[in-house]
Structure formats: structure tokens, C-alpha cells
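Following are the structures in question.
In the two assemblies presented below, chain A is common to both, partnered first by chain B and then by chain C.
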Partner chain A sequence: MVKLIGALMILFSASMVGWQISSYYANRPVQLRSLLLALQMLETEIVYGLTPLARAFVKVGRRISPVIGKLFLLAAELLREEQAQSAEEALRLAMERHWPQTALGKQEKDVLTSLGLVLGSSDREDQQKHLRLAVTHLRGLLEEARAEQMKYEKMYKSLGFLGGLLIVILMF
Partner chain B sequence: MKEIMAILPATIRNILSALPAKVVEHLEEIRLRQNQPMEIRYGQQSSYVTPTGQLTSNVRQGWVFTAEQVVKLVNQLSQHSLYALEEELKRGYITVVGGHRVGIAGKVVLEHGEVKGIRDLTSFNIRIAREKKGVAQAVMPFLFENGTLLNTLVISPPQCGKTTLLRDIARTISYGSEWSSSRKVGIVDERSELAGCLQGVPQRDVGPRTDVLDACPKAVGMMMLIRSMSPDVLIVDEVGRPEDGDAVWEAIHAGVAVICSAHGADVGEVAQRPMLGKLVRHGAFSRYIVLSRARGVGTVQAVYDKSLNPLAKEQAVWSS
Partner chain C sequence: MEFDLTPVFQIGAVGFITAILQSVLKQAGKEDVAHWATLVGFIIVLYMVAHYVGDLFTEVKRVFLFS
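Then we have the complex of A and B:
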């Protein structure tokens, strides 16, 4: 009886691990898409609305999914409270704090970091160019993330369950 | 002063807050140039400031405004959004909360031969705006005849309080005074000096019945205001271009009183200028107020009537 409970527990936890890993592959494209959307909204705010950066961050941050929105809200707060001396610093600090909560990887971080370097520090045309460039980069990453999702999402789910099953069989 | 402090980086803020209170009280300008010591102007004097907030005339002891500080100041001024300041950079100055002005210089970028903006900002002149309420009291009695407001030209050399006087006249007319009930005032503020607008909202008190067309060319703006806001009085600063003259002429014949200002030392001098001279000869203005610095900024040197006869103060007071 005890053995049976133990076996069930192993099976359960192994499946959970598999599910966890697969959810990373499932979430990444979703979050990437909202990040893309965010940058496009930011472009509108900057190029057509001439909204100051902190306010633009807040506006964008409130309108997209909370996981990504938090990133912009955090950066806006840092700018407002003068904890960050520049847009680049604000974005960097916000990413440092919030990145682990997202399903996004290093490549996305690099895109945002390089965008942060120019954000707010040039005229409209230049801002638009850089924002579009970042969007193009992220689109490429989104394609990649989708391909990976197709490949690995189901695989890790079944791998977790089957791995658990293997351990249980070996134990018996 | 609080508003000025808010736009400065912490380092400069600390130095300035260590200045003697008497200096701060009379502070007029803070001049910052990249790699040069910070200069402040107060009263009629100017001085460098040491890193500990002492005044000094020695260039070497002054606190130096470094490239790093430039970046910080620009960030603060633009709220990290240089793109939002395109128009301001084209004009060469930024208006901040409180109506203070920051003049800027640096490398100018051209497009089709026109100034597109300034890149690599290196020189900043932070001009602290001070309102002097009540300066119009001395001239108000001259502006009316039998209860109607007269077309008036304020003549003054630069820095004699012409803009300050115009603003106070606008405010006094807008609020109403012992000489007249309150009236609708329209201000065309091409250089954002009269009302010091920030995002369209006047930062100076120009009265409750005043409409301001901010940053609009005077000639166009005067016509726009007449058509859209039906003002009783139009107030404009520094008329001088030929098209301004036409606009003033039109406004006067549209039944709107016009109060404007021009650079010059005396009526005679102004009458020599092509556009203004024509207005003077045709009797467009019924009152000329000449300012000077003879007894401090804003001294009313003389007041003339339509045919350029000087008016004694008593006489004017009685006749109104």
C-alpha cells in the first residue's frame, strides 16, 4: 500500500516537472506576442502622441497582459522616482527585477537592452526606426519560439509522465 | 525656485541649495556650458559658484559642468523624451513648469535649409521667471477714454520690463479694475513669454477671462483669435514684421482694442521704422507708453496720445 502511494507520488511529480518545462515553451510565444504589441503601442505613443516616456510606459503597461505590462510599469516607476537616471537604466533595472517571472529568454532581453540605449534620446524618426527594428527582431524570435513550441511542448509533457512511469516500473 | 530645482540633476541642486539666501532671492539666470564653470546671474551681477556653493570670481574655482551632467540635465529637462521636444528644439528654448525658460544652444541640424532642431546640446541658460504684479497700475489710467479701451503701443528697449508690463495689463483688464469692468482678453504668445504656457496651460496668472494662443505666429494668431474667441482686447508682444502691421490694422478695424509692444527708445525712433511708422502716421494707436531703466527696470518714461503730445499724469487721470 505504502509502495503504491510512493509510486503514485513519483508519477505525479515527474509529470509536474514535464508539465512545467512544457509550459515554458507554451508561454514564451504568448508573452513574446504581447511584448511585440507593447512595442507597437509604444511607437504610437512616441511618434504620434509625443507622450513623455514615463507616461507612455504606464499607458502601454496597463493595456497589455500583466506579465509583460509589469515590466513597463516598473520602468515607469523607476523613472518617476528618479531611481533611474536614464531610460536605459530604468529598463535595465526593471528587466533585472522582473525577467525571472517571464518566460522570455536572453535573446529577447538583448533586444530590449539595445532598444533601451536609444529610447527617448533622439527625434521621432529615429525613435520609430529603432522601435521598428526591435519589432522585426522580436518577430524573428516569435517564429523560432513557435517552432520550438510545436517541437517540445508535447514532448516534455509526455517525457515527464513516461519518465515517472519508468522509475515506477524499475522500482517494482 | 522649487520648480527650477525639480528640473536640475541632484549635483547642481545640491550646489544651488547651498547658495546664500540673498543670492537665491535675486537669482535671474543659471548659465551652464559644457566643460565650463557654472555661472549665475543675480541682481545686476554675475558670478561663478564653487562646488560647495560659495560665490567666486575665479574661473578655476568654479564648479565645472561636465558632459555627464549635460546628459543628466537633458534627461531631466525632456523627461527622458527628447522626441517630445522637437518643436521646442526648433525654437531654441524649452518652457518648464512655472513658466521658467531654458534657452539652449548646441549643434544645429538643418533640413532643406531650415532649422530642424538642435543636436548635441551644450549650453543652457535657465532663466527664472518672476512675476511683478501691479506694475500696470501706473499706466492703467491712460489706457481708457470715456470707458473705452484705447489701442496702445508699449515702446521699450530690451530688458526694461515690456513683457512684464503687458502681462500685468492683460491680467488687470481680465480681472477688471477700478478703471473698467473685466473684459475678454486674447493673447497671441508667439514666444511663450507672456503667459509661459506649458502644454497649453498658462503658467503665469494672466487673468480668468484670458484666452492664450500659444506659440502661434502673431499675424495669423491675431486673426484666428478674432474669429474664434471674440476678444475685447488683443495683446501681443513685439510686433515688427510687415505682416504684423497688417494684422494690427485689421484687428483695430474689427472693433478689437489692440495693446502691443515694440523695441525702441522713443516714439520718434519707432516712427522711423517702416511698418510701425506707417501705423503711427495713420493714427492706429491712441496711446504710446515709453519705458526705460532710468529709475530701475520698468520706469514709465512718458505717455503720449494719438498725435504724439505728452500726457501729464494728472491730466490723464482726470480725463478718464
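Then we have the complex of A and C:
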């Protein structure tokens, strides 16, 4: 009886591990899409609204899904409290703090970092150009993430379960 | 004399799981990992079989050589 309960526990935890990894692949396209949306809103705020960056970050951060929105809210807070000297530094610090909670990878971080170098330090047209460039980059990454999701999401789920089953049978 | 069938089922189950694992990995486009998984499954089964063959060998020695 105890043996059976232990076997079920191992099976359950191994399945959960696989499920967790597959949820990373499922979350990445969703978060990428909201990041894309955020950059497009930011473009509107900068080019047509002429909103100061700190306020634009807050506006954007409140309107998109909380996981990504938190990033912008954090950057805005850093700017408002003058813990960061520039928009680039604020965005970088916010990314450093918040990145592990998102499902996004290093490539997205690079895109945002290079965008941060331009934000708030050049004129409207130049910022618009760079925002468009970042959006294009992210679109490519989104396609990639979707292909990866199709490929790996199911695989990791069944891999976790089968791995657990293998361990159980070997120890039984 | 009773005969314990557990190891037979165990080996069969390991083979079964290895087969599913291999097909899942192959479907996801990871052929190289699939090959490794098959190899690992084979080694596990081989290890178990070697264990029982070793038991058989000592049994034969005990019966025929009186040692």
C-alpha cells in the first residue's frame, strides 16, 4: 500500500515537472504577443501622444496583461523615484528584476535592451523607427516561438509522464 | 515451486516505455535524442538481464559443482 502511494507520488511529480516545462513553451507566444502590443501602444504614446516616458510606461503597463505590464510599471517606478538616471537604465534594471518571472528568453531581452538605448534619448521619428524595428524583430521571434510550441509542448508533457513511469517501474 | 514473474513484466514494461519514448521524441523531431533514449533503455534492460543470468550461473555452479 505504502509502495503504491509512493509510486503514485513519483508519477505525479514527474508529470508536473513535464507539465511545467511545457507551460513555458505555451506561455512564451502569449507573452510575446502582449509585449508586441505594448510596444505598439508605446509608439502611439510617444509619436502621437507626446507623453513623457514615465507616464507612457505606466499607461502601457496598466493596459496589457500583468506579467508583461509589471515590467513597464517597474521601469516607470524606477524613473519616477529617480533610482535610474535614464530610460535605458530604468528599462534594464526592470528587466533584470522582472525577467525570471516571464517566459521570455535572452533574444527578447536583447531586443528590448537595444530599444532602451534609443528610448527617450532621440527625437520622435528616430524612436518610431527603432520601435518599428523592435516590433519586426519580435514578430520573427513570435513565429519561432509558435513553431517551438507546436513541436515541444506535447513532447515535454508526455516525456515527464513517461519518465515518471520508467522510474516507478525500475524501483517497483 | 513458485515462479516469480515480476522481473519479466518489469523488463517488458521498460521496453514498452522505451518504445513510446522513442516514437514521441521522433515525432518532435529529436531523432538523435530518440536514439540515445533507445540505447539507455536497452542498457537498463541488459543490466537487469545480466543480473538474472548471473543468478542462474551461480545456481548452476551450486547444483553441478557442489561448491
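To be clear about the criterion, the second predicted complex is superposed on the first by the 172 of 172 C-alpha atoms of A that agree within 3 Å, B and C clash if a C-alpha of one lies under 4 Å from a C-alpha of the other, contacts with A are read in each partner's own complex, and residues count from 1 in each chain.
The criterion applied here is as follows: a residue touches a chain if its C-beta (ideal position, glycine included) is under 8 Å from a C-beta of that chain, and two chains touch if they have at least 3 such contacts.
Bear in mind the structure is a predicted one, so any value in this text is a computation, not a measurement.
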TODO: Figure out whether A:Ser65 sits in contact with chain B (first) or chain C (second), or with both, or with neither.
DONE: neither
Task: First, second, both or neither for A:Ser114, with chain B first and chain C second - done: neither
- [ ] Could you say whether A:Arg124 touches chain B, chain C, both of them, or neither, answering first, second, both or neither?
- [x] first
- [ ] Once the structures are superposed on A, label A:Leu166 by its partner contacts, choosing first (chain B), second (chain C), both or neither.
- [x] second
Open item on the list: Output check: A:Thr51 vs chain B and chain C. Expected answer is one of first, second, both, neither. What do you get?
Closed with: first
TODO: Check the residue A:Lys151 against both partner chains and state whether it touches chain B (first), chain C (second), both, or neither.
DONE: second
- [ ] Figure out whether A:Ser34 sits in contact with chain B (first) or chain C (second), or with both, or with neither.
- [x] neither
Open item on the list: Can you tell me whether chain B or chain C touches more residues on chain A?
Closed with: B
Open item on the list: A:Gln85 in the overlay: touching chain B, chain C, both, or neither? Say first, second, both or neither.
Closed with: first
- [ ] Going by the contact rule at the top, pick out the chain B residues touching chain A in the complex.
- [x] 10, 71-72, 75, 78-84, 86, 117
Task: chain B-touching residues of chain A, taken from the complex the two chains share - done: 46-47, 50-54, 56, 79, 82, 85-87, 90, 119-124, 126-127
- [ ] Using the touch rule from the top, collect the residues of chain A that touch chain C in their complex.
- [x] 151-152, 154-155, 158-159, 162, 165-166, 169-170, 172
Open item on the list: Help me check something: in the complex, which residues belonging to chain C touch chain A?
Closed with: 6, 10, 13-14, 17-18, 20-21, 24-25, 27-30, 44
